[in-house]
Structure formats: structure tokens, C-alpha cells
Amino acid sequence: MTVIYVITTGGTIEKGYSEQTGSVSNLDSKIDRYLRQLRLPDTDVRVLPLLNKDSLEMTETDRELILEKVRGLLDKNAPIIITHGTDTMVDTGLHLQRALHDLKAPIVLTGAMTPLGFEGSDGLQNLTESLLAARTLAPGVYVVIHNQVFPVDRVKKDRELSQFVWIS
Amino acid sequence: MTVIYVITTGGTIEKGYSEQTGSVSNLDSKIDRYLRQLRLPDTDVRVLPLLNKDSLEMTETDRELILEKVRGLLDKNAPIIITHGTDTMVDTGLHLQRALHDLKAPIVLTGAMTPLGFEGSDGLQNLTESLLAARTLAPGVYVVIHNQVFPVDRVKKDRELSQFVWIS
Amino acid sequence: MTVIYVITTGGTIEKGYSEQTGSVSNLDSKIDRYLRQLRLPDTDVRVLPLLNKDSLEMTETDRELILEKVRGLLDKNAPIIITHGTDTMVDTGLHLQRALHDLKAPIVLTGAMTPLGFEGSDGLQNLTESLLAARTLAPGVYVVIHNQVFPVDRVKKDRELSQFVWIS
Amino acid sequence: MTVIYVITTGGTIEKGYSEQTGSVSNLDSKIDRYLRQLRLPDTDVRVLPLLNKDSLEMTETDRELILEKVRGLLDKNAPIIITHGTDTMVDTGLHLQRALHDLKAPIVLTGAMTPLGFEGSDGLQNLTESLLAARTLAPGVYVVIHNQVFPVDRVKKDRELSQFVWIS
């Protein structure tokens, strides 16, 4: 049984629709509920809810909190997935990459352009891909999304196209 | 083959999520796409997109436009469904009830608390119910939603509970 | 709060796929689980699982059992929905119609051409329609399916078209 | 843009429900339709329908046909996914492994325990995983399913558990 940690921080992937306000926002963590739709007979996924924020509102303090959470897990030598808003996902990933050395397992950042459970959502696809990447990639910090695997220092978000692209 | 007209005016039922803005709004009509999920071998549903508005932004001019659209269909003696935002659905229905006399078929207003295609949406349920109500109710103006049928002058929205309730 | 009884007897609407045999069959009742997808703030649906059979295998004894179950509920003066395989749904309905007199509420038979939860299923549509019909129809025995309401002595199944049609 | 070939051969993943017979069988290819639910901005998936068979009915001639199809694609140096019934997926994979040498890209076999589009299906999960595996694995022949990656000579199906397990 392979252990994979999933740290949730909010972002579009976890947003929900409020009938009272008629708007979408980060209400609570819903990664756990969607992971139950996957068959994972040999994977022990441990979800650790940490933040519940739109990534445009993430502060340096929040990134430090994520770093400390990751650091606390490193001695497990297990892959770590971080679900995160796409707008500043790369910033958080670079922060981790700069601070962490001698990784023994991959750290995968993922998220979604449309919330889990909304028609056309890419959330479950990205979670599924990240779980497979977490088992198969070499140690390092990556963004995994839309059937693409990017080392975190080689990627940026293209907001207009709603996708991630390589930087040279 | 029974003809039923469906006039769409926007409202939550038709809202969509924009990846660029991260918010929900009335982008375009999607009633038609969802009706295709239903089996209607003996029903000829004719969708007539009219407005694309949050019902809180509906003006008297808009209500007059809806009334004129309905009036133009009355000589068909066919049921009419109007999809509408729930916040002012009753206002529009009362406007129709006051202006129209000697109806030969029911006029049904419906909508949704959560947009079509979002998890937990009540949109397809309400469309399904309205189509059946349109075939079976006596002439008159009704709100049909959540397995309830209300004459339009006997109902109000309870915003906190996200449902419609009787008034005495 | 309106009470509606739902007697489940099996049929395609409740069939499930078995990974061990690779086939579909009536494994257990799943009406209850799908009803939870509907918003029914003013309806108290009481599901009574009775049989779990393909309707082609239903015997006269089974029909007698359904009749006795219905008879036992008549003093509630509440609508009754019977979920049933489509192949012999009309036979069961006619059996009820012949035996029961002075009904105070409608009895609605419904089912599905494709099981609940299979792509393209008409099951949830038919349940939704039947619940509305149960609240609005006059006393009598009906088949409700695909936005159609048939008195049970006026309908037959067209197997080739997968729909119900009027008989003269 | 990365090219990935997908050869479809039938199996449970592509089975469909027939309303006329009330049973599931391999009617036609539906991989293509489900792939459209995924966001693949940088992947050019080319679906090549080859067979439409329950894998228990696959003959040596069928396996030879699959081998020839794969052989014909080898000069593209592109990853190949083969969708296949799970019961004899390993047999087909071993046949390919024995016959093919000096692979330049991975060959991934996948399938499903429950057909695409049936509630609880693992089909889209397995397709999503296979597409990621096809981009990231070293050359070789693999079974990819349920967040597991198996070299084809190290795996067998456990029919009772509906999963794949390691052999020593």
C-alpha cells in the first residue's frame, strides 16, 4: 500500500456555489469527497486540509505555512500532492523548490480551472493525473494538470487560454 | 404530439461559470442543451430564448417584454413554460396573471436555486416537473418547483430556506 | 407535508451491473438513493421495497402481493407510486384497476428503459414526473413515463421504440 | 503537441446497455466520446478502433491483429494505449512483449471493471491515468489501472476483488 499525502489549500478546484449569495467561493474542503469516486485499492491517500483560500489572496505567511506543513512530512519519504488555486500555484511551488533540498519523493501541485462538480470541470482529471504522477515521477517539485507534467521552474499559467504552458 | 413553448429569460437556472472571471453569471441560454437529456417522444418542446438576466435586474420593461411574448403565443392554445430567476419569478407571474384573461392552457414559471450542471442542481428536476405540469394542469398561472405546484398568487420565495412556500 | 408511498418491485429501473458476472440484473433496491437527488421540501416520500424482479418473471402471485400491499395503504388516502419493469407494467396496473374501486388518490406505475445510473437513463426523469403526477392527478390508475400520462387501460408498450403508446 | 495512439479492442470499458435485449455487450466504440470530457491542450490523441470484443472471446488471430497494428505504429516513436477487456489483458500484453523489441515509447494496456457511463465506472479514471502514464513511463509494456502501474509480466487480475495484483 503506497501512502500519498494530499494537502488542500482551497483554490478554484474546491470552490462551491452558495444559493444564498449566488456566488462561488471557498466554503470548505471537498477534495476528500471526490477522491472517493476513484478506485485506489493500493493507495492510502491521506487528505490534510490546511487552507481554504482563493490563491490570489494567498500571503507570504500562507506560503510559509504550506512550506512548514510539507517540511513536517518529509521524513515519511512519501509523495505529496498540494491542491491549490491556479493563479499563484507556481509561486508556491517555487517557494517550496527554493527551500527544500534532497527530496526523496515528488511534490505535485495541482488544481482546476472549473470547480469540482461543475459541468466541464477539470478537477477530477487533474486529481487522477496527480495521483499517478505522485507514484511515478522522480523527486522534485512539479505542476501536473491537463495531461501535462511541468517542473515548477519551467511553467506559467496562461490565463486567457485557461491552461499552463512551458516557459523557456 | 403535444406542443409546449419554453420562454427562457435567464436566472440562476441558466447561469454558467466563467474561468476568466471566476464567477457565475448569465452567459447564454442552456435550457435547450439540458432538455435534450429528457425523453420526450410525444412532446414537441419549442424553446424561445428571450432574455438572459439575473431576475434581480429585471425591469418593468423586461416584464412587459415577457408579457408581449406570451400574448403572441396565446392563439396557439398551447402550454407555456417560462424559466426565470427565482427572486422575482412571482412578480413576473403576477404581472402575467393580472394582464391575461381567458387562458386556454397553463402558464408555468420555474427556475432553480443552483444552476443546471452544478452539483446538487435542482434545475433538471424543475424542468421535468414543469413539462409534466404543463400537460396536466388547468389553465392558469403557476409556479412549479421542488415537486410543488403553486397558483402564482399564493406563493413567495423563502430565501433563507432556498424554497418556495405558501402564503395565506 | 404531502405523503407519497413508493412501492418498489424491481424492473429495469433498479437493475445494476455486476462486475463478477458482467451482466445486469435486479440486485437490490436503489430507488431510495436516487430520490435523495431530488429536492422535496414539502413531500414525505415513504419507500416500501416489495419485490426485486424482472417484470417478465412476475407471476400472478406477485401481482396479488402488489395488490394486497396497495390495498393495505388505501386507508391513508395518499398517492401511491409503483416502480415496475416496463414489460408487464400494464398487466399489473390493469390487475389493480379491476380489483380496486372508490380510489381516493392516484396510483401511478412507472419504470425505465435504461437503469438508474446508466448513461442515458430515463429513470430519474420518470420518478420526478411520477412524483408530480402523484400530487396532481385525479384518483385512478395511471402509467406515467416520458412526459406522458396514460390511464392504464389506454396504454401499451412499444418494445421496438422503447416507449409507451396509446391504444384506442 | 505530444501524439498518443489509442487502439480500442472492446472489453467492459466500452460495453453498452441495450434497451431491446436488456443486456450489456460490445455494441460500438465509445472511448472517443469519453476522451472529449478530458482537457488535453498539449496532447494529440488519435483513436484507432480495431476490435469490439469481450476479451474472453479474443482469439490468437485477434492478438496477432493487435500485434500487427502496434507494429505498424512503431516507427512513429509515440506512446500507444490499448483499451482491452480485463480478463485477458495480460495475455495480450505478454504477446506484445514477447514479439516486440527495442521499443522507443511505452505501450499501456488499460480497461475497466464497470463500463464507461455506468454509475461507479472506473473507465474514465483508467483512461486518464493511462494518458499520463503514456507520457511519463519508460519504454516497455504495462498495465495501468486504479492508480497502479504494472510491468505486464508482473501482474494478474484478481477477479473476485475486481482489481489487478502483483505476481512475484
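Order of writing sets the chain letters: A, B, C and D. Residues in each chain are counted from 1.
Everything that follows uses one rule, which is that a residue touches a chain if its C-beta (ideal position, glycine included) is under 8 Å from a C-beta of that chain, and two chains touch if they have at least 3 such contacts.
Just so you know, these numbers come straight off a predicted model, no measurement behind them.
Trainee: Farthest chain from chain C, going by mean C-alpha coordinates, please.
Mentor: A
Trainee: For chain A and chain B, let me know how many angstrom lie between their CA-based centres, rounded off.
Mentor: Distance between chain centres: 39 Å.
Trainee: Approximately how many whole Å separate the CA-defined centres of chain A and chain C?
Mentor: Their C-alpha centroids are separated by 45 Å.
Trainee: Averaging over Cα atoms per chain, report the distance between chain B and chain C in Å.
Mentor: Centre separation, chain B to chain C: 28 Å.
Trainee: For chain D, write out the residues touching at least two other chains, lowest number first.
Mentor: Residues 113.
Trainee: Draw the chains as points, connect those that touch, then say whether the picture is a line, ring, star, complete or other.
Mentor: If you draw each chain as a dot and join those that touch, you get a single closed ring.
Trainee: If you look only at chain A, which of its residues touch chain B in the complex?
Mentor: Those in contact with chain B are residues 12, 15, 17, 19-20, 22-24, 54, 113-120, 159-160, 162.
Trainee: Of all residues in chain C, which touch chain B in the complex?
Mentor: Counting only chain C, the residues touching chain B are 37-43, 113, 122, 125, 128-129, 131-133, 135-137, 144, 146-149, 161, 163.
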